[in-house]
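Worksheet: one structure, shown below.
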Amino acid sequence: MDRTLEIAHGTPLDAALSASLVFDVAHLFAGALVLISFLMLYQDRLYALLKVFALQAVVLSLSVGWQALAQDAPHLYVTAAIALVFKAVVIPLALARMVARLGIHRQVETVVSIGPTMLAGIALVALSLVVMLKATAAVGGAADALAREDLAFALSVVLLGLLMMVTRRNAVSQVIGFMSLENGLILAATGAKGMPLVVEISVAFSVLIALIVIGIFLFRIRERFDTVDVDALDRFRGGRA
Amino acid sequence: MANLQIANLLVQGTQMLLVLALAPLLTGLVRKVKARLTRRRGASVFQPYRDLARLLNKEAVLAHNASWLFRAVPYLLFAATWVAAALVPTFGTGLIFSWSADLIVITALLGSARFFLALAGMDVGTSFGGIGSSREVMISSLAEPAMIMIVFSLALVAHSTQLSTIASVMVAGVGLRVSLALALVALAIVAVAENGRIPVDNPATHLELTMVHEAMVLEYSGRHLALIELAAQLKLLLFISLVACVFVPWGLAPAGAGAGAVVLGMASYGAKLAAGAVLLAVFETSIAKMRVFRVPDFLGAALMLGLLGTLLLFVSRIL
Amino acid sequence: MALAPTVQLLAALSAVAALLVLAVAGAVLARGPLGRPVVYGGALAVTLLAAVSALTAIPAPIGGLVLPLGIPWIGANLRLDALSAVFLVVVNLGGAAASLYGLGYGRHDHAPERVLPFFPAFLAGMNLVPLAADAYTFLLAWEFMSLASWALVISHDKEAGNVQAGLVYILMASFGTLALMLAFGLLAAGGGGFTFEAMRAAPPTGWAGAVVLVLALLGAGSKAGLVPLHVWLPLAHPAAPSHVSALMSGVMTKVAVYGFIRIVFDLAGPPDWWWGIPVIVAGAIAGVVGVLQALLQSDTKRVLAFSTIENIGLIFVGLGLALAFKASGFGGAAALAFTAALFHVFNHAAMKSLLFFGAGAVLTATGSRVMDRLGGLIHRMPVTSVVMLIGAAAISALPPLNGFASEWLVFQAILLSPELPAWGLKLSVPAAGALLALAAALAAACFVRLYGIVFLGRPRSEQAANAHEVDAFSRAAMIALAAICVAAGLFPGLVIDALQPAVTALIGVKMPAQSEVAWLSIVPVAESRSSYNGLLVFLFIASSALLTAFIIHRLATGAVRRAPPWDCGFPNADPVTQYSAGSFAQPIRRVFARTLFAARERVEMPPPGSLAPARIEITARDPAWAFLFLPLAGLVERIATRANRLQYLTIRQYLALVFGALVLLLLVLALWT
Amino acid sequence: MSFLSGLLVDPAPLLVAVPAASAVLLALMPSYRVGALVNVAACGLTFALALLLFGAPRIAGPFLIVDDLNIVFVVLNTFVAFTTAWFSAGYIAHELETGRLTPLNLRFYHAMYQVLLGAMTLALLSNNLGVMWVAIEVATLTTVLMVGLYRTEAAIEAAWKYFMLGSVGIALALFGTILVYMVAQPVVGEGADGMIWSVLMKHAHNFDPALLNVAFVFLLLGYGTKVGLAPLHAWLPDAHSEGPTPISAVLSGLLLNVALFAVLRFKSLLAAHPGTLAPGPLMMAMGLGSLLLAGFMLYRRRDIKRLFAYSSIEHMGIIAFAFGLGGPLANFAGLLHMTMHSLTKSAIFFAVGHACQVKGTQELAQIRGLTTSHPLLGWSLVAGVVAIAGLPPAGVFMSEFLVVTSAFGARPWLALILVLGLLIAFGALMVKLSAIAFGEPSPGTDPVKASFVPMGVHLALVFAAGLYLPPELVAWFRHVAAVLG
């Protein structure tokens, strides 16, 4: 631990070496996040999905932590902690309990079957890479390469999260999709060097609110429906003309 | 100048009386010739005068619910027709009031006469009056535009809608024009229709389903009927003199001409009328009356001819 | 250059203000006994004064004024020139007559609070349109006029079809306004400003001018009732109370004509040679289609509404000729055609208001607008029947009345058109002339039918049998208008001369002054070419008729005997054996309407011995509805039904939409170079 | 005195503080009657403070910024919030009678109302991208809760739909915000400066255009979801129709504007930079799309509040088109149209609220012949719809006139589509209006007890605006229009 700190602000040689190291590690984490997003798309059982999501949260917190180290921005540790505690532990457990309590059947009902979804995901990753690299190409040095890479991956995580929300039927998996989307946001935010704390707070804040309100809704829904299948909600629609 | 005015005034006056005097005779002549052509002796050519006199002295029988309009119409009809007839050059062009109304106005005068007659036909509220009026307006709704088209072609040739001007231009001679020939045919058709002659209508019939003009005036009697008859005769005269002064204008006494010219004009006019009467009679005897709903085609032809003539003139203007 | 406000301009503006005040007063007093006298009396006074001041304004110098209203940086530009003055005269004469009539007619209105506030507002709008001198003020007044008249159309909203009529009306009105808005957008884009000054300064060039012409034809035409944009007119005009129908038919359509003239003759710059053609063709078609449909109607006010379409057609033919002549540089001929159009604007305003008043009188007297329930009213309503006869004769273009005078001028203009160089015109003008002549003859037939069925014959219903003449106010209004019709017919020269300042302003040339011509006759071009003297013709006819009557009664007999009608020996049959509206039109229907309107007759003859009555059912359809508007409505409905599925997607599908939009935009960026 | 002068110098903080404080107060206040009055009073106070902004200097502090653009929005918002509170006081009384709401609900409702107001004002005034984002987020969540207030299945579903779409939108907006920071960071350096409006605007010209474009795409979609532009509009109709009517008015009149304000901010950021791909085409495309879609959707509506919700989408489309078209004239028209739409639409919702209460339903089929059964209410509704349909002398007519004319000059074909859309929507509105206002009235004739003043004030303003705009307002709008580029 203290050794890495030394590396962070050490001799020029070490710095040169560490620069590449920093880059590689960050890149590794970002790539890992994308990979895990794909894994989430791949899951067809809720519990497994929750586990994978927790894994993604863990990797996210690692990546954020690494960023904190690399950028020497201690406040990022907070974010890392938030990610670790809330997303990796609390939320998955809460959702697991909810699934158990509401007796939601364990299958993830898909709209589009797994295979095509994966293909679409790959296309999305390609798209985000093209967009981001093109967009940042002009700046070149200005926005440092690390941020560029992270940005591309962050965008892909966001898009994959959306894809998950769109292709999964029941509410729990949609919520998970939404949160993995926010993971992408955090990745991007931390990638942006020296972005004020306000962002992390807002993200945590929004996730918190999101969970609370979703909770409220699940309860209200519980009062009326036997399932949190969103389509079931859609059956009751005002003013069907 | 002044004496020219006086001369014109004289011409105008004499013409007004002349047309009034000649109209019944013309009708009588037509009837006579028709009778002859159908191997009948026929009544004397002066019979119409006697009829008129007889009718004039009878009391007028009015239906109970006949309105003031019913009684006013005969006079309006007669007056309008008479004024129209008085404005068509017969033996001389120098009519003092010719400028007060051109050919379009004359057409319109006849139109208003018909308008009121059709109203009168509906006034008493009998089914036959209705038949007559509705058929009359149907016929006129085609005859009038045809007439207007004829007027157009004449006016385009003569650069004027003023009859006296047209006549003098014609006298000067415009050469043979296709459009004029078309106009002549159209005018003939319109004249037949306007005067309710065979094949459009039969002035002698009272067979309910075929009559048009007679149906309208079915309720009229006495002096009213006399006026209507006289108006009809005037109209016939008017059309024949119209054809005469436009298409065979020779012999017309120019404005302010001497007595000799006037006498010559009168003579030629008489000849033209007689010729017209004979032609009409021959035409009427030689064909049969057509069904009411063939009439539109007949008149449509006139309209098309008139339009064709006008178009030709429009186009030929730049050639 | 800033114009100084003239007295007349200020007077016109205060008239508008006064009318708006009256509108408020109407809203307040509507239920009370004071409402009717205050509103109509006030409107009568205001419009009369406005008419007089506008009359004096025609030859007066142009007055201009900019109020700090409307679009802030240009303000509300107001301008009173000869053209505006002419139309203000028309508007306010019509308005005065309608107000006078309303004083009596309004008594029978069971819901005055739905009429009184909007009637003066409507007048105010129509007074403001001719004064507007910038696009915004113009369209504001224009659409305000539509809005007020819409409220009047639906004033009897409980009666079947009225709300529907109002709907069609307001839709077409806003279509027209949008078209004009686009036209102004084009004109302003040329000049950069919305003021008419700026537009005149930089008229559109090339295709822009043509587009402006088309848009003006659509915009003003839809309000004036040009075919096929006329469909609202026969629905809306009859739905309104009769004095409002008179205003809409007689006056508002003229305001639309004003809009067309203002845009095309004044703002759109020098015309191309072909500009006249679409206008002439549209006018001629409107003329024939309008009158033919009028012949098919059996509702008095609908007949009148369709006849309005015909007259608008005549006016537009005149305007089209004026355009063509102007473009080809025949100033005199253009002046003649333009004068004819303006003259007919004036005439039709008078005639049509008169006729609608008459229809309204019949409605109040018998409670019916259905011709087949009327008849024999000439005995019960002496005054109404006389003035209606004058109106019918005038609108049927019978000499010596005013309708004939203007139609005669149009024909004279047509007879000058062979001089036009362009082939398109050479072919279209004579055809238009033939169509006009046809329309005129059919109009005569139409009004013989209307008058004959309604006023002549025997009453076809109880109400008709014991109808009573209407109140003095209504009679006064009708008599006044009839007098105008006769006067304008006997002394057309005076009207023509009065119109000349407007003609000079827009054409550049004016007709020879008619007041110099001897005997008050009119000579449009040259004595040798054509001349007409209404007064003299009238005197001839009158004198010879009287003379004959005198002679006959003196020399022959004047005896009269009353007897049952002869009718070929039938005993006097039931009134229903008379010719009805449908049967009277049957020959013309068979000749003209078979193909054009797919008019069909279906006869149900019961079998022998059956007591069921024989029935005849007459059906006809308006091609504009059948081929244009109903398909359009259907299309909108279909698309709406399709689009409505979007209301019922699941949340996930909505998210998919968002997702799709995002991916699409990212793709755009990715492909962006 | 010094306090007052200080107030005059900078009322901005109080604008946020007052609603926040009164929110707490209302949450603690047991009596709903007093609550309603306090609510009105608080809104009135906020409005008064907003008016003070005119005199206040245009300052850009670290947290708050006061410039011409947001003053327009703040004043408009606080005003409509004030009148709506007034209307709601009368409205909820009736809701209690009918038992649709409990006093407890109302405590929550009033508190939330203030939170919403405060959040919106903060969003408008904040000088920091992040804070603005948070504020809009809070406002959204508040409205979500209020939409769900009735706890009917339909209401909950509407709220849920609103919540899901809203949070996705907000997430996209956040991503866009991050991107903006990354664009700014190399230029203005790390740290808070990268999110400060005033700073960003100063350096906008040497930002990297390519990345800015990507950012704008996300921001347009993110905040566009709140604006209700097609195809992101799905939440809007349900949220409007299921929540309490005052909330529908607030949504249409205020929240949409706030979101639009955010989009405009970023648009001006891009406009300040020559090299970016013009945001105009995107906004015009989405605007026209919304206009046409809403126009067609109007025909099939059976719920009166949903009907006017779609009309809001239609007008947001027009506004977006106007701003997308750009240029002083179109921007002016856009601002004017936005103002007029807020006033008119909230007035319409007031009328609709009364209508629904007297007729006891939201079904269009059950609401007929209002001008006969309730003349004042009926004619006010007619006036409102006539105004929103762009008939004179309403101010909407002026803005539409300006949009159409300027558009036809610049982009004829788009102008034709615009006119087509206007005509379609107009037709639909008139069809519905004819049924609502005219003909034989439907049952339900008990008189309206609530006050007509808010509605009257709004309509009066709208109709006056079509005839006369005060020169100060105009000059100021034109200045703002110039800023928007």
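Observations on the model:
As written, the chain order gives the labels A, B, C and D, with residue 1 at the start of each chain.
In the analysis below, contacts are C-beta pairs under 8 Å (C-beta built on N, C-alpha and C of every residue); 3 or more make two chains touch, one makes a residue touch a chain.
Please read all numbers here as calculations on a predicted model, not as lab measurements.
Shared contact partners of chain C and chain D, listed by label: A. When the C-beta contacts at A-C and at B-C are tallied, the pair with the greater total is B-C. With centres taken as mean Cα positions, chain C sits 70 Å from chain A. Between the CA-based centres of chain A and chain B the separation comes to 101 Å, rounded to the whole angstrom.
Computed centre separation for the pair chain B/chain D is 78 angstrom, with centres defined by C-alpha atoms. Inter-chain centre distance (chain B to chain C, centres taken as mean C-alpha positions): 35 Å.
Contact with two or more other chains is made by residues 131, 134-135, 162, 165, 174, 230, 233-234, 237, 241 of chain A.
Taken residue by residue, chain D touches two or more other chains at 160, 164, 168, 213-214, 300, whereas all remaining positions touch fewer. Taken residue by residue, chain B touches two or more other chains at no position, since every residue touches fewer.
The list of touching chain pairs reads A-C, A-D, B-C, C-D. Interface residues of chain A, counted against chain C in their complex, comprise 111, 124, 127-128, 130-131, 134-135, 159, 162-163, 165-166, 168-169, 174, 230-231, 233-234, 237, 240-241. Against chain B, in their complex, chain C makes its touches with residues 375-376, 378-379, 389, 393, 396-399, 404, 408, 411-412, 414-415, 417-419, 421, 426-427, 429-431, 433-434, 437-438, 440-442, 444-445, 448-449, 451-453, 456-458, 519, 521, 527-533, 536-537, 540-542, 544-546, 548-549, 552, 556-568, 570, 573, 575, 577-579, 583-588, 590-591. Considering their complex, residues 56-65, 67-69, 75-76, 78-80, 82-83, 86, 97, 99-102, 104-105, 108-109, 111-112, 114-115, 118-119, 121-131, 133-135, 137-138, 140-145, 148-149, 152, 155-156, 159-162, 165, 206, 208, 218-219, 222-223, 227, 292-293, 296, 303, 306-307, 310-311, 313-315, 317-318 of chain B touch chain C.
If you check the complex, the residues on chain A that touch chain D are 131-132, 134-139, 142-143, 147, 151, 154-155, 158, 162, 165, 174, 178, 181-182, 184-185, 188-189, 191-196, 198-199, 202-203, 205-206, 209-210, 213-214, 217, 220-221, 224, 230, 233-234, 236-239, 241.
The touching residues of chain D, when paired with chain A in their complex, are 128, 130-131, 133-134, 137, 141, 144-145, 148, 151, 153-154, 156-160, 163-164, 167-168, 170-171, 174-175, 177-179, 181-182, 185-186, 189-192, 194-195, 208-211, 213-214, 238, 241-242, 300-303, 306, 362.
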